[in-house]
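You will see two complexes here that share subunit A, one where it goes with subunit B and one where it goes with subunit C.
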Partner chain A sequence: MPDLGLDVLFKGKNMLRLLGGLWVAVKISLISVAISIPLGILLGIIMTSKNPIIKAVTRVYLEFIRIMPQLVLLFIVFFGSTSALGINISGELASVIVFTVWGTAEMGDLVRGALISIPKHQYESSAALALTPAKTYIYVIIPQTVRRLIPLSINLITRMIKTTSLILMIGVVEVLKVAQQIIEANRMSSPNAAFGVYLTVLLLYFIICWPISMLAKRLEKKWG
Partner chain B sequence: MKRLKVTTIIALALAAVLGLASCGASQPSGDTSSETGKTTAVYRTIDEIKDSGEINIGVFSDKHPFGYVDENSEYQGYDVYFARRIGEDLGVKVNFVSTEAANRTEYLKTGKVDIILANFTVTPERAEEVDFALPYMNVSLGVVSPESKPITSLDEWNADDEMIVISGTTAETYLTQNYPNIKLQKYDTYANAKSALENGTAAAWANDNTEVIAYSLSTTGYTVGIPSLGSKDTIAPAVSKGNETVLNWLNDEITSLGEEEFFHKDYEETLTDTYGLDYEEELVIEGGVPAE
Partner chain C sequence: MKIEHLTKSFEDNVVLDDVSFTVHKGEVIVVVGPSGCGKSTMLRCINALEPIQGGKITIDGDEILYGSKNLSSLRQKIGMVFQSYDLFPHLSVLDNILLAPLKVQKRKKDEVIKEATELLERVGLGDKAKSYPRQLSGGQKQRVAIVRALCMHPEMMLFDEVTAALDPEMVREVLDVILGLAKGGMTMIIVTHEMQFARAVADRVLFLENGNIIEDADPDTFFENPKTERAKQFLNIFNFERSKEK
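Right, the complex of A and B next:
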């Protein structure tokens, strides 16, 4: 058995610190997901609009968020909000804002895709049954959309959890940062710790993301 | 047509929600601007820090032994030891903020921390963006070589010998500029450079002197023949550009700490495990006055 330096994980509170860091990452992504799903659904409905202005605005928003690296967005929100607007927000809040803005854009696009995949005759049949547009959405379109959406949005959640590894750049101490702290604090006494500690971080991410991704697969099979 | 109406209504509703949200967000900004009132500066003065009872100090959380977090979640290290003393002397609580090499300047420019104590090397480029106080540590390059064939000077370099450097470090730049005749063996990581030296592929290894000293002490058979090479740089606390009250307070603090040999004590508490006592005078600057 090669020396992976796993012993550093059992020094003091190191393992608890790693789990604490994981909780920070999961918490930030779950809060962002909880906000971006309803906002994303609204955005998706708006994006199906034929109005050219609404179309252009939502398109620009989506493309802007997609093109911008998340790290740049984090820096803009965390440091930019202070230098441009004089608001001092915490790293955690900045992360939630960026992940929500990003999640809303991605979710909006997923919802738009799901909505336009609903055949036109569904709308027409609803109209023939004298359903109002609102009722058409509530009883006919949304239930069908949700089925197509859930697997896709669950994938978005796992992507968000993994992307939290960037928030260490704005001073949020999450699981990866704790790992780096542990490795560096023991650089002299256990130089091989990097491998073992990063392996543990990988396992932690896996333990969180794998069940979520399994759930997506099951739902896809069930409703697909 | 009808469907279009629904989407327009939702669009308006969402716009209203977002509008409200941004109003909510801008509310605190109104508060802070009225709080800071007259000054438009991003930083806090020394009196504002004292009144708030807390000081935000940016340190490294993963640079052993200067700023790191130990297994009990406590910040430790040479920089942190000084930061704690600052908090004590100001009579305020210290909030440690974990910073990265790449964002240290940004933290000061936006006033998100009051002081940076993250092993910040004084350079002319950085001095344009932040204000440095008096230095408290030296940093320069060092060269480590096998004890059996120690290299103590670079002037009579054997043309067949090669020197190990890590790509992108100051050692690489310095040697390329000042000793173009020395053949360099470049590695990307610390671990590769280390095994290259141990396998005898080169005569010596040049890096930050703190790194090579720590290496020679932890590995038998190697010695630092040249403990300081090239220009001596210093490490100093930094504050936001123009924050004179904090800068002056820090300079007075560093000068008066010199009388009690504070940084020697700091070295002995935090760095001896890594560097031993032999390099104390080499690394420590006491009272803000670098030795010649």
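Right, the complex of A and C next:
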């Protein structure tokens, strides 16, 4: 068996540092998702509007965010805010901003899709039962939408966690950055450590994302 | 209920052209006519699910106006059942029935549960209260939809081709429920393609074609001696179908 240099993980607090880095990634994703969900629901409802101007504006927002590489967005917010606005924000804050802007767009599109997938006769039979439009949304439309939405938004969380691997580029010390630091520090003693350490990082991402993804699948089955 | 000069069009296409009739308390009106004659649209207009271009619909003297503020209180007087059994899939049978009485009429929960259970019992679904719509057959769903509408204590019921989407063997169980309602004195407007049922249940038959009422008669007169050539032709189609089946 080739030397994977796994021993470096057990030097000092290296494993703990790696887990700490993972926590940074997960924390940023969770905060961003927590903000994205309410904003996305709002955006999704707005996107079903019949007003052509509102439709066009939200469409452009969504397409723009999707087309732009997240890394470019991160650079714009992190470096751009300093040079253009003269304010200095932390890498973590910049990450949360970008992930929220991205998550809101994706979430909005999911909400829009879930809303328009509710058949028209659900609205009509609610109306025939004398439910006002507000009550129709509260008791009939939103509960059905949420059921369709939860599995999809859980998948969005895993996508966000994976995408946090980009934020080391704006100086956030997350799991991948910690891995790099460990490898650098042990370049002399364990020159082969890169493979083993990155493999461990891969495993950590998997351990976090796999249960989330399984949960989404189960919920999808249960409510589908 | 009074319908006066009701006119409805989708863009340039006139669907209902100056339709007028009065529904008396306890009367069962069956509306028949070829597909696309405006039968369903008429029911939808009566319950203000569609905006209308002209005319006036009133119940107990109050105008039912699309988009008006008091629509919710007027709609409580009208129960409606649709062709596509439209139960709420995320709620159990009982919760489907309870939703509007509790949230719109703000009635007491135990009282409504009692009534809902009795009504379910009466339509032969006493054991289905905890089931979800996806676990029911089409005929069962449609009976639940009828109970759901009845639980609001409507003054009248509208049935929009409620058996059209059902398998033939389930049609009967739904029609029996409606027949029972007719015997109980419920005011109803029924749109249907089931001619034998129409004859059995109706106090009055309206024959609609191209958005006009061209016959308005008691069922015996309509089915035996239709006045217009169009109604004769229409009824002949059904006779032919029946003779073919034999």
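Definition applied: the second predicted complex is superposed on the first by the 224 of 224 C-alpha atoms of A that agree within 3 Å, B and C clash if a C-alpha of one lies under 4 Å from a C-alpha of the other, contacts with A are read in each partner's own complex, and residues count from 1 in each chain.
Convention: a residue touches a chain if its C-beta (ideal position, glycine included) is under 8 Å from a C-beta of that chain, and two chains touch if they have at least 3 such contacts.
From a predicted model like this one, the values you see are computed outputs, not experimental measurements.
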item: Fit or clash between subunit C and subunit B when superposed on subunit A; value: fit
item: Contacts of A:88 with subunit B and subunit C, given as first, second, both or neither; value: first
item: Contacts of A:67 with subunit B and subunit C, given as first, second, both or neither; value: neither
item: Angle at the Cα centre of subunit A, taken between the Cα centres of subunit B and subunit C once the superposition is applied, in steps of 10 degrees; value: 160
item: Per-residue touch tally on subunit A - higher for subunit B or for subunit C; value: B
item: A:125 touches, of subunit B and subunit C: first, second, both or neither?; value: second
item: Contacts of A:140 with subunit B and subunit C, given as first, second, both or neither; value: second
item: Touching partner for A:49 - first (subunit B), second (subunit C), both, neither; value: first
item: Minimum Cα separation, subunit C to subunit B, after superposition on A (Å); value: 7
item: Overlapping contact positions on subunit A, where the subunit C interface meets the subunit B interface; value: 132
item: In the complex with subunit A, residue positions of subunit C that touch it; value: 47, 49, 71-73, 75-76, 78-80, 82, 84, 86-90, 99-100, 103-104, 145, 148-149, 152
item: For the subunit A and subunit B complex, residues of the former touching the latter; value: 8, 11-14, 17, 39, 42-43, 45-46, 48-51, 54, 75, 79, 82-83, 85-88, 123, 132-134, 137, 168-171, 173, 177-178, 180-188, 191
item: Complex contact set, residues of subunit A against subunit C; value: 119, 121-122, 124-125, 127-132, 135, 139-140, 143-144, 147
item: Footprint of subunit A on subunit B - complex, ascending; value: 2-8, 10-11, 13-14, 25-26, 28-29, 32-33, 42, 61-64, 68-73, 76, 97-100, 102-103, 106-107, 109-112, 191, 214, 218, 273-274
